[in-house]
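Down below are the structures I want you to see.
You will see chain A twice below: alongside chain B first, and alongside chain C after that.
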Partner chain A sequence: MIEPLQPVIVGAGPAGIRAAERLVRAGLRPIVLDEGLRAGGQIYRRPLIDDGRSYRSRYGSEAGKARRLHEAFEALLPAIDYRPETLVWNVSAAERGNQLDVLLAGVHRQIGFSQLILCTGATDRVLPFPGWTTPGVYTLGASQVALKAQGCTIGDRIVFMGSGPLLYLVAWQYMKAGACVEAVLDTAPITSKRHLLSLAIHAPRIVGLGVFYGLQLQLAGVKIRNGVRPEAVLGTGQVEGLRFRRRASKGEVVETVSCDALAYGFALRPETQLADLAGCRFCFDERDRVWLPERDAMGRTSRANVYVAGDGSGIAGADAAEVSGELAAAALLEDAGKASADGARLVAAREAILRQRDILERAFPFPVDWFETVPDETTLCRCEEITIAEGRRAIASGSISEINRLKALSRVGMGRCQGRMCSAAATELLSGLCGVSPGEVGRLRAQAPVKPIPLGFGAAVEAEARS
Partner chain B sequence: MSMNPLLRRRYRLDETLVPFTLNGTAQTGRRGDTVLTAILSVSGRLRQSEFTGENRAGFCLIGACQDCYVMTAQGSRVRACSTALLAGMAFITDLGAVSETAHD
Partner chain C sequence: MSWRISVDVAIIGGGLVGSSAALAMRKAGLSVALIDRGYCGAQASGVNYGGVRRQGRAPEQLPLSQRAHGIWPQLKAMVGIDAEYMRSGHLKLARTEKDFAKLEAYAETVRDYGLGLELVAGSALAHRFPWLSAQAVGASLCPDDGHANPRLVAPAFARAAERAGAMVLEQTPVRDVAATGNGFEILAGDGIEIRCQQLVNSAGAWSDRFAANFNEPVPLTRIYPSMVVTEPLPLRLPVSMGEQGGSFYGRQVARGNYVMGGGRGLPLGDPDYSRPSVTAASSVMQRAITLFPHLAEAQVIRFWSGTEAEMPDGNPVIGPSETTSGLFHAFGFCGAGFQTAPAVGEVLAELVTEGRSTTPIDAFSIGRFRKVAAETAASL
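Let's look at the complex of A and B:
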């Protein structure tokens, strides 16, 4: 069979599905590799089996978008080469050819690509505080996935803490599911919410929904606090409560709230390891305090035939992911000599969402002063169980000012999660101690395999040759 | 140290039961469960950490943090949040139970 182009899409969330759809429309048959058990990504994640809930019940205000995306994917199935439960753990450097190393049902394979669209998504951005490794403490995204995909709540009496639009939404969803929401603790100061006024002009729906969730929680008697910093999870071995302080008119107030589970997070951080291994050039994003693959307006990276889309190319949410997925596919087609008629319209649509996102991030700012008060004995790296004190000691004794040196000397970022859960914290800690901006301590380099894989001489290997 | 179940089921309550074994004891999950859901609906941990022996019960639930690895009775590991529960699976979340077995 002559297959002149073999594009591969990594990720079957909003970006990956829309990218695939665009390529199929142009007559191509992309390979779609997805780590998930079912396509849809995280925001539009589907349960393993039907559990009787309607789209409205599961996805709330986003039910229509979720349904359209899932239906689009089902319609695509005969026209794509879809491989779920497939981990892409390496991308070959450009000089070694266009190859992916993948793990599919326990079998290692190499898959060649003519073009690659990376739609790798995001994870919660988290910061450490005393007790954050206690069973019953989950990320905000985790608490939502438990409910959405498994029909479970992470406890009976839950506290939600952090910053970002997800905070009020998940708390409201838990309330609707019958859980007791003990408190919503917003780490942003109340004054930051003034930015929502200007957002209301451009995106009244987003702000309207946020206000609706907040009001309903308040009417139900849920404790809502602003300007919060956690002091400690109470309880050993299980969550019994949370002690926190907050700024009040009469100075700082310390409060305790009883709960059996805690969900927290500070917006999202992009999954960029595969773009890194592909050799894409990165640039520092001041707003999100993170390194991102350099991309043009359509999603082209610095490496020919490698494109990025969705939150993995910069946090912008699911709506932007759908547009950017389509854009990346349009760019791929354009580079292959098939001009697109609507490129400019899509670029404008994405940029409009990015402008809204800028305002949203100002309303839910990152807690830059976090490490001023977190005690030294707090776990910094949950994989290798390294404390903040050990991190500080490594920085001081090695005169470290670069994040990969910190990893080498302290093992922070070297564990199984490869820095996904600690790199934001390590960056803030190091840049704070050095008195420089987070962008100046460098970028934690990705290593293959990007996630743990079974290795061994007996491991099954199958090369997939495509000409 | 209490081992109260962490997760509270809200849906699929009448779904077909799926039998599995936890530290040698028979347990049941539901059709459509991940390994994580099945274990944490009846227990309070998935593993003990390598260095401090702290109980861990997962964190991100989307396959990123790698905190939810569970040892199977065969000695291999599965990532509980992204593995579907199958009838007859057997897990060890109590290292004490393992060493006792090893000394038998």
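Let's look at the complex of A and C:
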């Protein structure tokens, strides 16, 4: 007998958990695939071994939300088919519609689905600068994970750099944890922060927290600089400091700060490869300068029975992820003939958060002029060890104006990360050289496996939900 | 954008065949327009395995293949890069006595073509190829065969043709093409009109449409390779490998990645696009570990596929049209055109300038399908 296929949710962060909750409430038993060891996702990531810290000390101002989400998940567990440590690396065609290829404890399994909700989240968005691959340089997100889940810091004397709300939050969290924060280097000009005034009307709590973090850092004597561009990481085998420029009233000032670790990032980038492999249509998002799966207000993609939610469908943060997870599940149920009563309310709630997000992006803007000052010998693609100069040469000699062409001719984005880390930079470099908007150089096509898988995995293929 | 171009030769399809033909024709002093619906070398020429192999080809292909063999070492001088071409040797394994007998028979058949095949059997195999862990009965080595980076070769030919004065029109799909009595008229891209005296159809998997346009239907089908690539690893595999009767082939590129293939990918809803098959990839991965146990812990970082054209008899179509004067076809290389393509480009230049090829191509005449096409038509 063939068992009926179940809805599958990929990801167990705020979006995945709320989507599962909604499906369970409607009497379904979804399969929830989680790459992590414990549900919670990134922002509400839980420690692997309980270290005795309270929710308050781990999640700060978001402790209440974290606790509610974790408790909601624990309550769901008996009603869902939860599979942690499961890497979904492909969506492939099968006789009975599409299926997922997953890797669980080194074994390849194929899982069929009736409907798919992709809650694949995001990673830090990084850009290259001289020394960015030096040991001791981390992303902001990674430095936060170290603190939250492993209970350790990335160094003793740390510099935080970049643009985005995470910059001040993580610096403050490190300070509270007892680390020495040497400096917070904001790449955005101080004038961009005026946008926070208009945000304060709509979201006083967010702005209040931001101001609070900034003030506390300042009171503690942490060096805070705006309009920063890094010149070089000091030290070769290990970070020993950072030299940077910044705009000041007297013109440009060069400063050096000593540290043993550096965390940086420029907001987040969505993980969209599975939506791509599922055949979803994409559109370019001008604000975030990235391609996103096309979606309606509830999270329906261009593919029937494939839904997206959370930061993987566009960066909007954890609160929006919870709402959009619920929305995607509501859309799934609606499409299955079970209309929802609160769809409009949820759509409105998500849109309100998106509007705040627009303002936040203006207060923490992406450094669009980044490549004007980064030296040619800087590594562009660290997997394939391609420098910016090599990228520029390939673009010029091959008359390249398209990102997949750049990959084919220069290897940028062809390595272990498959462009997940370097494609933002490659897109900016290419579009800058071509004098076009980043949307016009095309989208790096996803290929399976979306993350590396061991060659020896294929020995045992288990087909599930089959006969 | 609306403009008119008048050239001696227009080439539809900027794969390795079309790109190398454009360069060869420029060298012969002809004005050339090279037209591609996407980017030159982005289809079969760019997504193939990268084998530069003569061993295993049908004898009728070997004169062409030998001609190409002389071209490959000159890439640097011809197009500015060597495209990672190396004469690593091509080793074909036989897993059974029966398969080894086939390798022996092949070596006998092609003895006069100068491939220099070396048959190795039994215990000599382990002695000769100590890095090989597989249990094999024997193998056939073609020492001067090798491999190159397919992503680089055709674009380099197209750019070289452009530098030599060819007009390269990328992202320019041909919308209409017709014979005018004293040449051809092509409508392409956004209002580009191209008039030419002679026309080359080297549109790969899309060539059948153009052939049919000139009343020469061909039984072309599409095939999709299924490729697997590992992360870069220490250099250890010195040859490009294949298997008699098997569906595994593999090489290690200069960067250290193992590039391996076998089986077929699957077309997507739009058959211009395809995906590697997980079943094919899994079997390639399993075979790879049997052959190279040191790869068991290696990571696979990428699959890929593409679109190639296949003809029912395994041979390409190369030569003049039988319906239309001034039209030449070169397509349908059945997943094995990478090595021969640069020679096909030269042959096409000979055909348009002198009306004949110095390399025998009779076996590749489009006329061989005329009977098939007529029968098919009659049965409808």
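A few comments on the model shown:
Here is the rule we go by: the second predicted complex is superposed on the first by the 453 of 467 C-alpha atoms of A that agree within 3 Å, B and C clash if a C-alpha of one lies under 4 Å from a C-alpha of the other, contacts with A are read in each partner's own complex, and residues count from 1 in each chain.
Everything below uses one rule, namely that a residue touches a chain if its C-beta (ideal position, glycine included) is under 8 Å from a C-beta of that chain, and two chains touch if they have at least 3 such contacts.
In this text the structure is predicted, and so the values were computed from the model without any measurement.
Ranked by how many residues of chain A each touches, chain B and chain C are led by B. Contact with neither chain B nor chain C is seen for A:191 once the two complexes are overlaid on the shared chain.
By the document's definition of touching, of the two partners only chain C reaches A:448; chain B does not.
By the touch criterion defined above, A:416 reaches both chain B and chain C. Contacts of A:399 after superposition: chain C is touched, whereas chain B is not reached.
After overlaying the two complexes on the shared chain, residue contacts for A:108 are found with chain C alone; chain B is out of touch.
Shared-chain residue A:54: touches no atom of chain B or chain C. Residue contacts after overlaying the shared chain place A:249 against neither chain B nor chain C.
Look at A:139: by the touch rule set out above, it reaches chain B but stays clear of chain C. Comparing the two complexes, residues 384, 415-416, 452, 454 of chain A contact chain B in one case and chain C in the other.
Of all residues in chain C, only 39, 42, 46, 151-152, 155, 159, 230-232, 255, 266, 268-269, 275-278, 281-283, 285-286, 288-289, 295-304 touch chain A in the complex they form. Only residues 90, 92-93, 101, 108, 110, 277, 279, 384, 397-399, 402, 405, 408-409, 411, 414-416, 418, 447-449, 452-459, 461 of chain A touch chain C when the two sit together in their complex. Contact residues on chain B toward chain A in their complex (touch as defined above): 1-2, 4, 6-12, 15, 31-34, 37, 41, 44-45, 49-52, 54-67, 69, 76, 82, 84. Chain contact summary for the complex, chain A toward chain B: residues 35-37, 42, 47-49, 51-53, 123-124, 133, 135-139, 141-142, 145-147, 150-156, 177-179, 236-238, 260-261, 271, 382-385, 415-417, 420-421, 451-452, 454.
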